[in-house]
Every structure is written in structure tokens, then in C-alpha cells.
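In the two complexes that follow, chain A is the common piece, with chain B as its partner first and chain C second.
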Partner chain A sequence: MATYTYEHIPDQGAKAGVLAYLATSAVVLLLMMVFGLLMRLEQAQWISIGAIRFYELMTLHGAGMVGIAAIAGASIMWHFLRQYVDLSSRIFVANLVLFLVGVVMILGSVLLGHFHGAWTFLYPLPGKSMGLWSPGAAALFMGGLLVIGVGFLLLHLDIARALVARYGNFSRALGWPQLFGHDDGKAPPPTVVASAMVTVVNVIGLVVGASILAMMLVNLYVPEFDIDPLLAKGMIYFFGHIFINATIYMAVIGVYEILPRYTQRPWKSNKVFLASWTASTLMVMFIFPHHLLMDFAFPKWMLIMGHIIGYLNTVPILVVTGYGALMIVYRSGIRWDMGSKLLFLSLFGWAAGAMPAFIDGTITVNYVMHNTLWVPGHFHTYLLLGMVTMVFGFMYYLGKPSHEHDDHLIDRIAFWLFTSSVLGFTMSFLYSGKESVARRYAAHLPEWVPYDRIASVFAVLVIASALVFIGRFFARIGLARHDYQRAPVARSVAA
Partner chain B sequence: MIAALARPQVGFRVLGALYLLLAAPPLRTSLEATMSGHMLVQIPLLAAIGFVACRLLPVARQERLLDAGGGAVPYVVLVVFASTWWMLPRALDDALASPLVEAAKFISLPLLVGLPLALAWRRLGPIGRGFVWTNFISMLAVLGWLYIAAPVRVCNSYLVDQQESAGWLMVKLALLLFAGWLASLFVGGGGNPALSTAEQVAPPPAPSRDCGPERN
Partner chain C sequence: MQPIAWQISLVLMALVAFGFAFVAINSGRRQEDYSPLQKSAYRLRSRLFWGLVLVFGPAMIYTLFELPYDAARANTGAGPVQVVDATGYQWRWELSQDHVAVGQPVEFRVTSADVNHGFGIYDANLHLVAQTQAMPGYTNTLRHTFSEEGTYKILCMEYCGLAHHNMLTEIRVGAQ
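The block that comes next holds the complex of A and B.
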């Protein structure tokens, strides 16, 4: 059996491109949070922006959050992966430029063209607006998504090139020789394994997404070219579900790389770890039907597959990563700071956020829960307390002035404020779901309004704490470029 | 046998024979009798002849041609436009109705699609090649889908059932090509995966410090 020892890796500062990604993520994240708050305030009947504006904000909030999660996740992956393989900075920057072009197109489509068909752009809604938006506005929205997709495709092709150049092929990058043969302890590091997985699934998802977008653009101007709505929905969810899942698989690389520096213990690429990532490489492509369980016209085998694989895919990476983090931290004498606390919290958020999806993935539960706020409760927990918290942890880590620097009181307060307010915010969603409050409704019944008001208060607190995190990141952005030790030495090692 | 084909003289003769065979009335009419044969066999084979013929040229000559055209990108653009033209149903109809257009097809596909693609391929690199592949595959799938979903008969020369059949074949071909391209990433050699983690780490771009950054 292979033995693993911690090998110290010099701590590298971030490239300008990584910081540009993070700065863009931070700004857009705050903007999208404010949009989300406005939606909750509208439902809480504390403001009155009207249904059309609500759905415009919902469209921007959905597309913007998915996009920004991908950009932030890509920055973490790229920052650490470039320490193992030779990545192209130009392609990395080109992706950000294409992303920003896509964002401008989407903003124009929604704010000027009044497109509000949600990020899911489900066929045939974009082409049948009943006069609320023009075909041009819908085309601009879908064109923007296409441009963003092209950027990410380029980024993943570059990662694929670099992995193949370094490891020969993807089998080796995923550690298959060690998984299926003798584990000699020389499997690729977790960062490489995770990046290979994300590249494989995202390239497949992006090609499928580009195909349905191109087809819907044709349909927009020549409606006679009819599309099977169920096929379109399946393709959109295949692409969308893979893309959003991949964001957390990219961001978790920060946990794999940073926590070991605090504890001086290795994150092992052992057989269990490799098996979990290989299993999820396959399963993440087949779980999207759990969003289609209410579509009875889908083939039954597909829905059953969604149910079973939805259950199975919850387990591998999440359990292996959660258990791995506990083992790395247990009796390590870790000296907690904002970076390590946020990264550790993010694993709780990921685990807790997956549970409502696990429950909702049960067909009989799905029939009554899927169109309620239970589902936004799931993905807000998963993304806000999981994925976004990983990004905040990475930001704090990069900007830490020195390994002995103590956190300010305001940061420590913001951490607990963030944790408690995100829990309150997401529990408001989940409890509303339990009370059968419908999702995607601009106007709520009087009985639902108290939950919306509680959620709105928590949303304000979430934004306030996120402002502290983001403000601190911008204040320290100059430090983030330097190479120096950031993680404090664990007590067990120091002793 | 394969080694013999790799010799330029033999290779050119084989390609010439294949070209003449494709142009000869029996094979030409039988391939053009169905939309699938026309679009998915004859046209790709003509482009492939140009591609392989270019590869048989001496490398120095290929490089000169590449430089004369301004590099890989202009050739890829040429390939995209020329191949797009022959994807249009109108172009297929014209080729069947007019001997002049038919001749243009037999000349343009090897010279404006196959040959420039082979020239550009040399310098495209893995990212460019991957982009061309993924773009081609998704466009093939979308075109096939359009043929299946088209509410009208798009070619005067082919019936709707031929159109649907060609569409399904294009979608299946796109899926097969994509699966094959992905599978090719999982096999092959190269690289040096046996290094330890510390050895894999690239040297940091600037000297590292232990006690925090300098502040001005």
C-alpha cells in the first residue's frame, strides 16, 4: 500500500489574470446579490417593482450567478493547476474577455430588450413572448450564452492540451493506472484529477449546450423549424446541470491545496479518492433528469436513472472530500484563520446543501416539492454556503499579509454573521418549500409573506458580511500577487 | 502495403485513381442518387483526397504554401466558407442540374477544403484543432437536426425521407466523432506522470519569501 507524506510546496502569489477573474467575480456577485434581495423584497411586499421587472431580475440573477460561479471556480482551478502543468495565460484572459462580452450581451438583452425568460430559456418561451420582448432580445440573450460557452470551451481545450502534454492522456491524469492497478503513490495530485474531470464533463456539456442554443436561434427566426420541447429541455438541463456542478468541482481544488498547508498533512490521491472522482465523471452526466421528474412524458427509464444516479452521485466526492478534510484537520493543531475557517465551512455548506437535493431527487417527493422554494433552498445552500464560501476562503488566503497575521475583529464578526445569516436565509427558502410556497412567483399570497420578510432580513445580513469579505479582498489585492508563506504552521508541527 | 502508400508517387497515383473513380459516371450517379451518399460520402471523400494529397507534398513546399497564405487562420476561414457552401441544399441541387457546378464541386472540395485544412492543421496546435473539431461536430449535429426538423423539402432533387435519413446520419456521425475524439484523449502516450508532487510543481515565477511580502 502506498504511503503519503506531506511535501511542502512553495506558496505562489496569484497571476494578474487570476486577480482579474476574482475581482470580476466579486463585483458581479455583489450586484447579483442585490438583485436577489430586490426579488425577495418584492415578494415580501416591502417594495413594488412589478412582475416584469421581477422576472428580468430573476433572469439576470440566475444567469449571472451561474456565470460568476464558473468564472470564480475557474480562477481557483487555474491558479493551482498552473503549478503542475503549463497553461496558456492568453487563453485564460481570452475566456474572461469573452465572458465579459457575453455578460454585456445578456445585460443588453434583459435591461434594454426586456427579455425575461429565465436563465433556463426553455423552449419555446424565448420565441413566444406574446409581445413582451422581441426575437432580437431573445437572440441577444442566447447569443451571449453562446459567447460565454465558447470562452469556456477554449479554456478547457487549453487545460486538456496541458494535461495531455504533461500526463500523456486523461486516463493517467485521472489516476486510472493507480486506481485499477498497483497504487504506487504516484497518482496525479488532487488538483490534476479534479481538473481532468471538470474538463471532460464541461466539454461534453458545452457542446450539447451550443447545439441547442444554435438550434433555438434558428427556430427564433424560422419558427417552422420545430424542436421537440422535451428534447430541448433535456439538452438545456444536461448542459446547465453539468456546468453548475463543475463550478464546485473547480472551487474544491482550493480546499485540496490550501488545507494541507495549514496542517502539514497531505491530501492523498489514494484509490478511494481516485475512484470517487472517476465515478462522478460518469454520474454527473446522468443526474440531470432529477430536474425532469415532473415531466411525465419523458421515458420512464430516464426518470428512474435520474432518481438512482441522483442518489448515488451525492455520495462519492462529497463524502471523500468531507471525510478527507476531517482527517486532515483532526488533532492537527491547525491554527484557524479566515481562509481556513471559510474553506472548512464551505464543506459543511456543500454537504448540507446536497441533502435537500437528495430528498427532492426522490420521485414521490419531487412531485410535491420541486416547484416550491425547497429547490432554491437547496441550491442557495450548496452554492452560497459551499461554492461561494470556497471562493471567499481563497480570497482571504491570497490576501493574508503573513502567516502569523491575526484576523481583524470585524472579519471574525463577519464570518459568524455570514454563517448565521446564510443559514437563516437558506432555511427561510427550505421552510417556505416545506410550506408549499411556489417558486418563481413574483407575487406571493399573504400567508407566504412572513417567510419572505424573514428571508429579506437575512439577505441584507448576507450582503453586509459579503461586503466585508470583498472589501478586505480589494484592500489586500496588492499582496495577493506575492510569493510567501501564508498558512500558519500547525501547533502539532511547531511543537 | 501501407508503407508503399506512404511513398508520394504511389500515394498520388492511388489518390488520382480514387478521384477518377468518384468522377466516373457509375459511382458518381450512384452516390448522388441519395442525399446521404452525396453529402456524407462523396463530398467528404473529395475533401479527404485534397487533404491527403497535401500531406504527400514535401514539408518544405507545404510550409511555403502556408506562409504564402498568411498562416493557419486564413486557411481555416477559407475551409469554413468553402465547406459551408457545399452544405447548402441549393448547392447540391445546382451540382446535380449543372455540369459546370458539378465540375466546380470536384475542383473546389479538394483544393479549397481538403488542401487548406491539411496545411492549416500543421500549425493549429492542440487548442486550434480541438476548437475545429468541437465546432465541426456541433455544427454537423445542428445541421442534421435542421434537416430532420425542416418543415419543407429543402432539395428539389431529394425527397423528404432522404432528407430525414441524411439528417439522422449526420446526428449519429456527430455523436460517433465526438465519442471518438473524447476517447482519443484517454489513450496515447507521452508526458511524464511518474514524478512526485514536489517535482511536478513548476518553479515559482519570482523568488519566494517566508515572512510576508515587502511593503512600500
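The block that comes next holds the complex of A and C.
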């Protein structure tokens, strides 16, 4: 077995493109958080915006959050991956431009065309609005998603080109020679392995997503071009599951890169690490039937496959990435700051969120919890306390004035406020799910309103703490471009 | 089922939180030589892995024994199967009958005339007791035996447009 030692890699400043990605993500994230709060306040009966406005906000909230998660995750991946392979800055920027074009199309579709068919655009709802939006509005929304998807496809094709140019093929980029043969300690670094995995799954997912979007766009104007609703649903969830999960796999690269700098300990691609990423590559593509467990007409073997992979999928998260973070931090002498605290917290959020998620993927549980608030309960845990927290950690790392700089009191307060309020917010969702509160309802039954009120209070606190994080990022954005040491040296190493 | 899912989730999330808190508390003093720490951590990881296999593995298999798709569920009650055709429309339910007998198996044949809906049966305490998707072009057969009399609500469990939250009807469960 190969032995691994820590090799110091200097901290690098971010390219302007990375900062543009992060700035876009931060602004849209805040706006989408406010939209989410408005939805909860409406359900809590503390405001009255009406059902149309509620579902418009719900559509924007879903599309916007998935979009910025992808943009923010891509910025982290690109920032670190370019230190190993030669990536195209032009394509990176082109993806952001296409993303913004897509965002404008989606905003136009919803705010001007009143499209409110949800971000999941389940066939045939976009074409059957009962006269509440036009085919043009639906086409603008799905066209916007298509434009965003094309941008990401270009980005991933460029990453694929760069990986092949550096490593020869994808099997080497995934570390298969070391996984299936002798581990000579020369497997590609975790950043490369994770980027290769994300590229494989996202290219396939995006092609499937673009295919169903194109089919549905044709169907909008040529209804005789009929689509099987079950096939459409399968394709949408295949794409949607891969795309949103890939955002975490991209963002976790920040943890792999930054925590070793704080602990002066290696996070290397050993056999277990490589095996878990290869397994995740397969599992993230074949787990999608767990979204269709209540579609009894779907092939039963695929539903059982979704159930089983739901359990297996927790192993790499818990035993490899979550445990890996615990290993390098334990007795490391790490000097905690906002960056390292948020990154450490993010792995807790990911691992903790995976628990109610795999339980929901159990068929007999899904039978009484599918499409209740249990679902946003678990995905807000691993996306908000996991993925988004990784992004906040990366922002603090980039903007840290020097490796010896102490955090301000307000940031430290915001950290604990964020941690506790996100937990309160997600637990409100989960408890509501336990109480069978249905998901995606503009108005709740009177019995459900107290849970909405509690969740609304926590949502306000989440936004308040996120404002501090984002405000700090913008205040320090000028520093983020420069190359200098950011990560403080661990205690006894410094002595 | 919901309270069990809630309690198991809480326990597992608390265990994860304990692990992270334990490490955070023990992160301040550095153990300079990482190799022995790595070796014992890898040993512990192997145990953790096999622990997960031993706990989650049987749970994963055990929960596959009583699937809602199985026709055998129609035999869980006494007497002949009562068939109820249910069709979802934007935004109402159409049931072939609005009352069934308690303790006698019911077979809901669920479909949709337009978009995707979800056929969710709520008991008098507003707890979801069974559901399936209602999809155009397909009929999903939901088999359920009501064990208690009362008025049950049918709510839509899949977003279907503006009045999704108002898509509600009732079914009465009475004596045989």
C-alpha cells in the first residue's frame, strides 16, 4: 500500500471568472432565499400573496436554487482543477453568459408570462395550464433551461478535453489503474477524480435532460408529437437527480483542497477513495427511480434498484468523505476560522441530510412520506447545510485577508446563528413531513399552519446570517484575486 | 411508519453530529505523527463500514418484504375486494364510489385525465396512510384495507397547477 505525506500547495487567488460566478451565485441565492421565505410566510398565513404568485415564486425558487448551486459548484471545481489541467477561460465565461441568458428567459417566462409549472416541468403540465400561461411562456421557460444546460455541457466538454489531454483517458483520471491494480501512490488528486466523475455523469444527464426538453418543446406546438408521460418523468428525474447531486460533488472539491491546507495533512486518492468515487459515478446515475417509487407502473425491478442504491449511496458519504474530514481534523491542531468551520460544518450537513434522504428512499416509508415536506426537509439539509455551506466556506477562504487574521465577532455570531437556524429550519420541514404536510401547497390546512410559522422564523434567521456571509464576501472580493497564504498553519507545526 | 422514520432519522443525525462534535473538540492539540493515527483510523473505518453493512443491510432487505405494489395486499382484509376507480382532473377527483366498507380490501384504480397528480389518502387525524401517482395513460392499482371507520380525505400529492392545494375530496369508510 502506498504511503501518503502532505505536500504543501500554495493558496492561489481566484480568476475574475470564478469571482463572477460566485458573485452571481451570492446575489441569486439571497433573492431565492427571500422567495423561499415569502412562500413559508404565505403558508404561515402571515402574508397574502395569492396562489398564482406563490407558485410563480416556487417555480423561480426551484430553478434559481438549482441553477446557482450548479454555478457555485462549477466555480469551486474550476478554481482548483485549473491547477492540475489546462482549462479554457473563454468557455468558462461562455457558460456564465449562457446561464445569465437562461435566467433572463426564465424570469421573463415566470414574471411576464406567468408560467408556474414548477422547475421540474413534469410532462404534460407545461402544455396544460388551463389557460393560465401561454405555450410561449412554457417554451421560454424550457428554452431557458435548455440554454443553461448547453452552457454546462460546453463547460464539461472542455473539462473532458483537458482531462484527456493531461491523463490520456477517463479511466486514468478516475484512478482506475491504482484502483484495480497496484496502488503506486500516483493516482490523480481528489480534485481530478471528482471532476472526472462529475463530467461523466453530468454530460450524460445533460444530454438526457436536453432530449426531454427538446421533445416537450416540439410537443408544445405539435401536440400530435405525443410523449409517454412515464418515460418523460423518468428522463426528467434522471437529469434532475444527477444535475443537483453533481453540485455537491463539485463543491466538495473545496473541502478536499482547503482542509488539508489547514491541517497540513494529506487527503489523497487511495484505493478506498477511488472505489467510492467510481461507485458514486454509477450510483448517481442508477438511483433516479427512487423519485418514482409511487409510480406503480414503473418497472418493479427498477424501483427496487432505487431502494437498494439509496442505502448503498450513503456509504461513500459517511465512510469516505465525511470520515475523511474527521480523520484529518482529529488532533490536527487546526486553527479554526470561518472558512474551515464552514467547510467542516458542510460535511456534517451533507452526511446528516443523507440520513432522512435514504430513509425516504425506502419504499414502505416513501408510501406515506413521498411529496410531503419530509422531502424538502432532507434536501435542504444536504444542500443548504451541505453544499451552500461549502460555498460560503470557499468564499471566506478566498477573502481571508491573511493567514493570521482573526474573524470578526459578527462573523462568529453569524456562524452559530446560521448553524442553529438552518437546523431549526430543516427540522421544521422534517417534522412537518412526519405530520404528513403535503409539499408544494400554496395554502395549508389550519392544522399545519403552526409548523409553517416556526419554519418562517428560522428562515428569517437563516437569511440574516447568510447576509453577513455574503456581505463579507463582497467586502473582501478585491483580496480574493491575489496569491498569498490564506490557510493558517496548524498549532504545533507553527511552533 | 412516520414516527419510526422520524425517530430513526433523529438518532442517525445525532450520531453524525456526535462524531463531528467529538472530532471538533479533539482538534486543538496536534498529534505530529499522522501515520499511527491513520492506521487506527483506518481500522475504525473498517469496523464502521461493517457496522453499517450489518445494520443497514438487513434493514434494506427487511423493508422490501411488504411492498405496496404486490397484489397480495388485496388479501389483507376479509371479504371480496371493493374496486374504486379514481381519476384526477385539474383540479378535482372523480371517484366511482365515495364509500367503502371497513376491514374489507379496497382496490383503487388510479389514473389521470390530464396531468400528473398524486392520490394521497389521509385519515381523520390528517395522517397520510397510502398513496400512488395518478398519471395520464397509466392506471396505478393501490390496494389498501381501512382498519378504522371514518371520513378520509383524498389530497393531491403531485403539483398540478394553480389549484393543486384545493384538489380534495372525501371517502367514507363505514361498517360492512
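Of note:
The rule is short, and it goes like this: the second predicted complex is superposed on the first by the 492 of 495 C-alpha atoms of A that agree within 3 Å, B and C clash if a C-alpha of one lies under 4 Å from a C-alpha of the other, contacts with A are read in each partner's own complex, and residues count from 1 in each chain.
Here is the rule we use: a contact is a pair of C-beta atoms (placed from the backbone, for glycine too) under 8 Å apart; a residue touches a chain by one contact, two chains touch by 3 or more.
The model shown is predicted, which means the values in this text are computed figures rather than measured ones.
With chain A as the common reference, chain B sits beside chain C without any clash. When both complexes are overlaid on chain A, the residue A:L153 reaches chain B alone and has no touch with chain C. In the superposed pair of complexes, A:G471 makes contact with neither chain B nor chain C. In the superposed three-chain model, the partner touching more residues of chain A is C, compared with the other of chain B and chain C.
Once the two complexes are laid over each other on the shared chain, residue contacts for A:I91 go to chain B alone; chain C is not touched. In the superposition on chain A, contact is made by A:R172 with chain B only, not with chain C. Touch criterion met: A:E7 reaches chain B, while chain C stays clear of it. Looking at the shared chain after the overlay, A:Q83 reaches chain B, while chain C stays out of its contact range.
Legend: residue contacts after superposition of the two complexes on their common chain; A:H482 is shown touching chain B, with no touch to chain C. Superposition on chain A places chain B within reach of chain C only down to 14 Å, the least C-alpha distance between them. Residue ranges on chain C touching chain A, taken from their complex, read 1-3, 5-6, 8-9, 12-13, 16-17, 19-20, 23-24, 26-32, 34-35, 37-38, 41, 45, 48-49, 52, 56-57, 59-60, 63-64, 66-69, 90, 114-116, 118, 120, 122, 126-133, 135-142, 155-166.
The residues of chain B lying in touch with chain A in their complex are 125-127, 130-131, 134, 137-139, 141-142, 145-146, 149-152, 178, 182, 185-198, 200-202, 204-214.
Residues of chain A that touch chain B in their complex: 7-13, 82-84, 86, 88, 91, 153-154, 157-158, 160-161, 164-173, 177, 186, 188-189, 200, 203-204, 206-207, 210-211, 214-215, 218, 224-227, 266, 401-403, 405, 479, 482-485. Per the touch definition, chain A reaches chain C in the complex via residues 3, 6, 51-52, 55, 116-118, 120, 122, 124-125, 128-130, 132, 228-230, 233, 265, 272, 294-297, 300, 303-304, 307-308, 311, 314-315, 318-319, 322-323, 326-327, 329-334, 336, 344, 347-348, 351-352, 355-356, 359-360, 362-365, 367-372, 374, 430-431, 433-436, 438-445, 447-448, 490-493.
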